[in-house]
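Accompanying notes for the structure given below.
Think of it as A, B, C, D and E in the order they're written, each chain with its own count starting at 1.
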Amino acid sequence: MRSIIPVLTVVAALVVIWYAAAVAMNSQWTRDQAARAGVEVSFGELVSDTMSQKRPLLPAPHQIVSEMWETTVQKKITSKRSMVYQGMITLKTTMLGFAFGIIGGVVLATIIVLSRVGRLTLMPWAIISQTIPIVALAPIIVVLSNAVGAGTLMVPKAIIASYLSFYPVLVSMVKGLSSPDQMQLDLLRTYGASRREVFWKLRLPSSMPYFFASLKVAVAAAFVGAVVAELSTSAIAGLGARMLIGSQFGEPMIMWAALFSAAVLAAILIFLVGSVEKGARHFMGGRAI
Amino acid sequence: MIERIGWPVGFGILVLALWEVGVRAFGVSPAILPPPSAIWAAIISSGPTLWGDWVQTVVKGALNGLWMGTLAALVLAVIIDRFDFLKRGLLPVANFFAALPIVGLAPIMVMWFGFDWHSKAAVVAVMVFFPMLVNILGGLAAVDTMQRDLMRTYGASHVQTLTKLRGPAALPFLFNGLKIATSLALIGAIVAEYFGSPIRGMGFRISTEMGRLATDMVWAEIVVSAVTGTALYGIVAGIERKVTFWHPSQRG
Amino acid sequence: MQRPVIDAKNVDLTFQTNDGPVHALSGVNLEIMKGDFVSFIGPSGCGKTTFLRCIAGLETPTGGALTINGLTPEEARKSRAYGYVFQAAGLYPWRTIAGNIKLPLEIMKFPRAEMTDRINKVLQLVDLDGFGGKYPWQLSGGMQQRASIARALAFDADILLMDEPFGALDEIVRDKLNEELLALWARTQKTIAFVTHSIPEAVYLSTKIVVMSPRPGRITDVIDSPLPKERPLEIRDTPEFIALAHRVREGLREGHAA
Amino acid sequence: MQRPVIDAKNVDLTFQTNDGPVHALSGVNLEIMKGDFVSFIGPSGCGKTTFLRCIAGLETPTGGALTINGLTPEEARKSRAYGYVFQAAGLYPWRTIAGNIKLPLEIMKFPRAEMTDRINKVLQLVDLDGFGGKYPWQLSGGMQQRASIARALAFDADILLMDEPFGALDEIVRDKLNEELLALWARTQKTIAFVTHSIPEAVYLSTKIVVMSPRPGRITDVIDSPLPKERPLEIRDTPEFIALAHRVREGLREGHAA
Amino acid sequence: ADEVTLQLKWVTQAQFAGYYVALEKGFYEAADLDVTIKPGGPDVAPVQVLLGGGADVMVDWMPSALAARENGAPVVNIAQPFKGSGMMLTCLKESGITGPEDFADKTLGVWFYGNEYPFLSWMGKLGMATDGSEGGVTVLKQGFNVDPLLQKQAACISTMTYNEYWQVIDAGISADDLITFKYEDQGVATLEDGLYVLESSLDDEAMVDKLARFVSASMEGWKWAEENPEDAAMIVLEYDETGAQTESHQIRMMGEVAKLTAGSDGALDVADYERTVESLLSGGSDPVITKEPEGAYTTLITDAAMK
């Protein structure tokens, strides 16, 4: 609440800068066009033209807003032209990839924490895996999923999304599962607890704050993965595909609107996951840790 | 030490062996998945090409973008940190922008900065900017009240507190951010080449070689990228060990 | 004659570290009888914690013999001989107080009905009835420490090992818990091994005070307390008490100088 | 008559929190003279730290008047009147011991040559010469705490504010540092305000003991010590000392009950 | 019904109208086929999908198909619905280009991903280096749009007569300001959208029969689309899952595509094939294919399709 006014101020400042930049960046085209047509443009004409180009270098904010308005509010959400419809497709991919990522991250982290050999072998490769450009793997993942019969594009897209989202979960869970200190571990040893009991009664519950803290990063990563997957592998549906088509068919407004819709969706996702985290904290004994 | 190298390398060799044998046993077309031996052969025979691509993408695109994005984040973080009003206003906005799938900006950057490495560096700079900003701001805020109060009892100025206390205290966070940023930088530079590029560069090579089914060459680039990424990570980790030797996590 | 509950004969423990071996314990001889309250006191690093961990079978001596009721520490641990209380309360923040006390009972597979009984009993014992449903952070430091004692008592171990359990508390709360601990000990007749840094605490609580010294970790003095079993807090202003405290302090200072 | 160095008149401080106001200090009146060694003792949460922070100008009272040598605390802070020592040593891990001590000197822009002098002098003062080049984590807890005292002494502030500086140390090390602190105080004639949880420590060190009580945080007793300035450690076994300790304990217990 | 999966080379657009029309109008159904159409994208190599078993038939351009064949992917042309080539280089007049000889020292935008082969063979014929050296051309790998021309990052860019050319026009540059070089006119045209399958498909008689029915129904779709360009465009729009395509653009594209399919009954004209091969073999220092391909096409299917 305290930050409403500063945020509004900053946003207002950004909008002003944006408009100025739009005029500056788009005016070249206007002048070129005038030169091609052999006419002079006044400053007023120049400014008004830079605000309403069909293919601006940088669209004015109101152009993006009106495009987003048209494609969200003014379209039925069942229509393919609706940004909400496309967003739902991306959302589905994201959630599936997020789920795969969580499972993968938790399972790997468990292996890594419980076995020294697992830690020595897997951890470096987990780091290396994140240095491989996912776009290079995308076609291979699509073709291989095709080959094993998981042909619907949803699965390979989700795999790509999970490839990015498992890592933050893994790192946090490794930290979390190894967060119990010697004293806490020794306590259970004085009870003669088995490794399994130590895992279920101590390591896993101790890791929960780390787990939930990683979810925000993971869901954002899954979302980026989903968009990249749509952008590169299918161009069939979803916000990523829409960006690509917007770019290819000379409709930058579609691209900008898709980009901003993606940001809104990501913000919503992060907010939702944040709420889940808060709820979970409460369930785990509230203020603790 | 032997174990710390031996196990991961052994695991890698095992995977490669299974891959080689599996590809041959099931007769997988090399156009889909080439055997490691073919990838190795491609690396050996295309040295100059790989080198040229590496210079274009890593040196010109990724590293330039990395330092620009990091520097910008550093400067902005210090400014934001100075003014509470800005911190409260800019941080939520920055978080919103951080949520943007930045790769979507690649076609726009190509449109703005041309098809050569400048646009790649721009994509990389934007991509690394937000994680760096968030990490640095987190680091600057990470000093405990006691340490800050100590500076107050000395009547230290803002700049003094920044250079003598909060700057050093933020270093571990900065390196944390850098570790994330290096891999983002590579990926960003490669992806951006998909949206227009000169006829060299790792992203260019990956996309065109994939088109002519020269998957061995695609994997050769993937290997180069992974090795580069791992080396960058290692370098950052090494510098981190040197610079933040005092941090408990580095004392082991 | 009675057989000692804890019997250490010439116990050695050397840690191998990067900087060479650390002699944490060297030639430690000690007999603790059933119902004894033994305090260990000594400068930091003299091996108090290490010795307690050896008793509990968490650390294995590199030399000498250590038996618990004639068993090895590991065997004794498996037979639930120990209740261990650490310096920090170390309650699990995701479990309520009752849940924390239930933890060892779950692991030792007590029947469900008995669990509730035992939890209620020990909560009463440490004066925390009504707080079973609260989470640790909703309690003060002293209450948390009592809960952690309750946890160690819940499964009726014969031997209570306490490693600076009151180190983090302020003096008044500490006094109170000291009184309560004495009362509890009188009631249950458990054998207690207690590590502390505080001379008055050691003197006030113990039937036997073990003074230790570092490099190598060893016992420099074992003082049998002449104080009566019944000890009001005011006993601390008596000459006997002060004399005893003085002796302990002298022993300690020697250890430090060494 | 001499003017007090620290003069608190009816000081109030109320924190506004989510759960309503917390009265951390209420109607605090206190005069501290030049060269006094004043200990503050009281149960957790009674406002000891808060009062020290008010003196240092780190917290602003919501009522009453507080002057330091006739100045406001902020003005006094700007004029480098304070050396503040916190409970934890709080040394910067990226600086050596000498570097840590140099920190306030850098900030206060001492000439370079003088810096080295001062560092060597205070290192000697706290018995740490030869350790200037080490990093904090290479020192024991007691040595770190001494280093942090050296840091507070380096720029020769008139007033030393110490918030449980020895809380984390064992009794023997503590005794030693207490002795050294007394010697230092005798030598430098600084005014010292000292927070502690330990009754013997308060009695041993102070010329004036301030007993505080919580909810609302207030002063319940101010005891002027009849002990001589010269205090060997053995003074703690004298009847005067024990009587004084007893009085403090009683005062504390009342505060706790309230 | 027999199942057939068709992998397109690019996203859903009027370039592929015939197949969508055949699907929508029930021509496939009438031929007892159950057809699935998979759109392509920047990262999708149709040949790979074919090899991976993700599709039975693909739409591809002959240069990339032949290159793939030489790289060990046994693909075979079974039909050629596109008779003409729609590829051209579109240049800004203001760049000073009046003819191919003016390309020297200019930057030219080229599509890669298999589309660069005809361009390279053209430059080979012109004797212009493509490595950026003096007197040669600088090649820019063009992305998915015409921005390089609008932003004047390139003097010329690759365009299709049916698509990108019109985007340049739509962006506000009049045709008078442009100069175009059609590959057809330069004698370097290669065969574009053809239908390809794996060799192994042809060993199976049932498969051959299925493919024949598929080609014949597809051609029926193409002929319908040529006659009803507007309706065909609307059908394509119907199938565009992204919902980002526009009506006017697709109608115009259909009109242009119709010109390219007009001369074809589906059968591959062997003369066209040989011209393409020759052009690819002659690609200067770095020919696209190094030896005359064998068995790269078959008329088996189209013969059967036309009874």
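Definition applied: a contact is a pair of C-beta atoms (placed from the backbone, for glycine too) under 8 Å apart; a residue touches a chain by one contact, two chains touch by 3 or more.
This is a predicted model, so every value here is computed, not measured.
Enquirer: Which contact partners do chain B and chain D have in common?
Expert: Output, common partners of chain B and chain D: nil, no chain qualifies.
Enquirer: Pick out whichever of the two, A-E or A-B, is joined by more C-beta pairs in contact.
Expert: When the contacts at A-B and A-E are counted, A-B has more.
Enquirer: Please flag the chain sitting at the greatest distance from chain D, going by CA centroids.
Expert: Taking each chain's C-alpha mean as its centre, the farthest from chain D is E.
Enquirer: Going by the average position of its CA atoms, which chain sits the greatest distance from chain C?
Expert: E
Enquirer: Averaged over CA atoms, how far is the centre of chain A from the centre of chain C? Could you give it in whole Å?
Expert: It comes to 52 Å between the two C-alpha centres.
Enquirer: Round to the nearest whole Å and give the separation of the Cα centres of chain B and chain E.
Expert: Chain centroid spacing, chain B to chain E, equals 37 Å.
Enquirer: So, what's the distance in Å between the C-alpha centres of chain E and chain C?
Expert: Measuring from centre to centre gives 83 Å for this pair.
Enquirer: Residues of chain B touching 2+ other chains?
Expert: 32, 107, 111, 194-195, 210, in rising order.
Enquirer: Which residues does chain A have that touch at least 2 chains other than itself?
Expert: Only 57, 135, 139, 143-144, 147, 231-232, 247 qualify.
Enquirer: Which positions in chain E touch two or more other chains at once?
Expert: 42-43, 45, 48, 51-52, 143-145, 151
Enquirer: What are all the touching pairs of chains?
Expert: Chains touch in the following pairs: A-B, A-C, A-E, B-D, B-E, C-D.
Enquirer: Which bits of chain C are touching chain D when the two form their complex?
Expert: 43-44, 141, 170-173, 197-199, 237, 242, 246, 252-253, 255-256
Enquirer: For chain E, which residues count as touching chain A in their complex?
Expert: Touch residues, chain E against chain A: 11-12, 39-45, 48-49, 51-54, 94, 143-146, 150-151, 167, 170-174, 177, 240-246, 249.
Enquirer: Hey, which residues of chain B end up touching chain E in the complex?
Expert: Interface residues on the chain B side: 29-32, 107, 110-111, 114-115, 193-199, 204, 207-208, 210-214.
Enquirer: Give the list of chain B residues in touch with chain D in this complex.
Expert: 146-147, 149-156, 160, 164-165, 168, 171, 244, 246-248, 251
Enquirer: Using the touch definition from the top, list the residues of chain E that touch chain B in their complex.
Expert: 42-43, 45, 47-48, 51-52, 64, 67-68, 71-73, 112-114, 116, 130, 132, 138-145, 147-148, 151, 153
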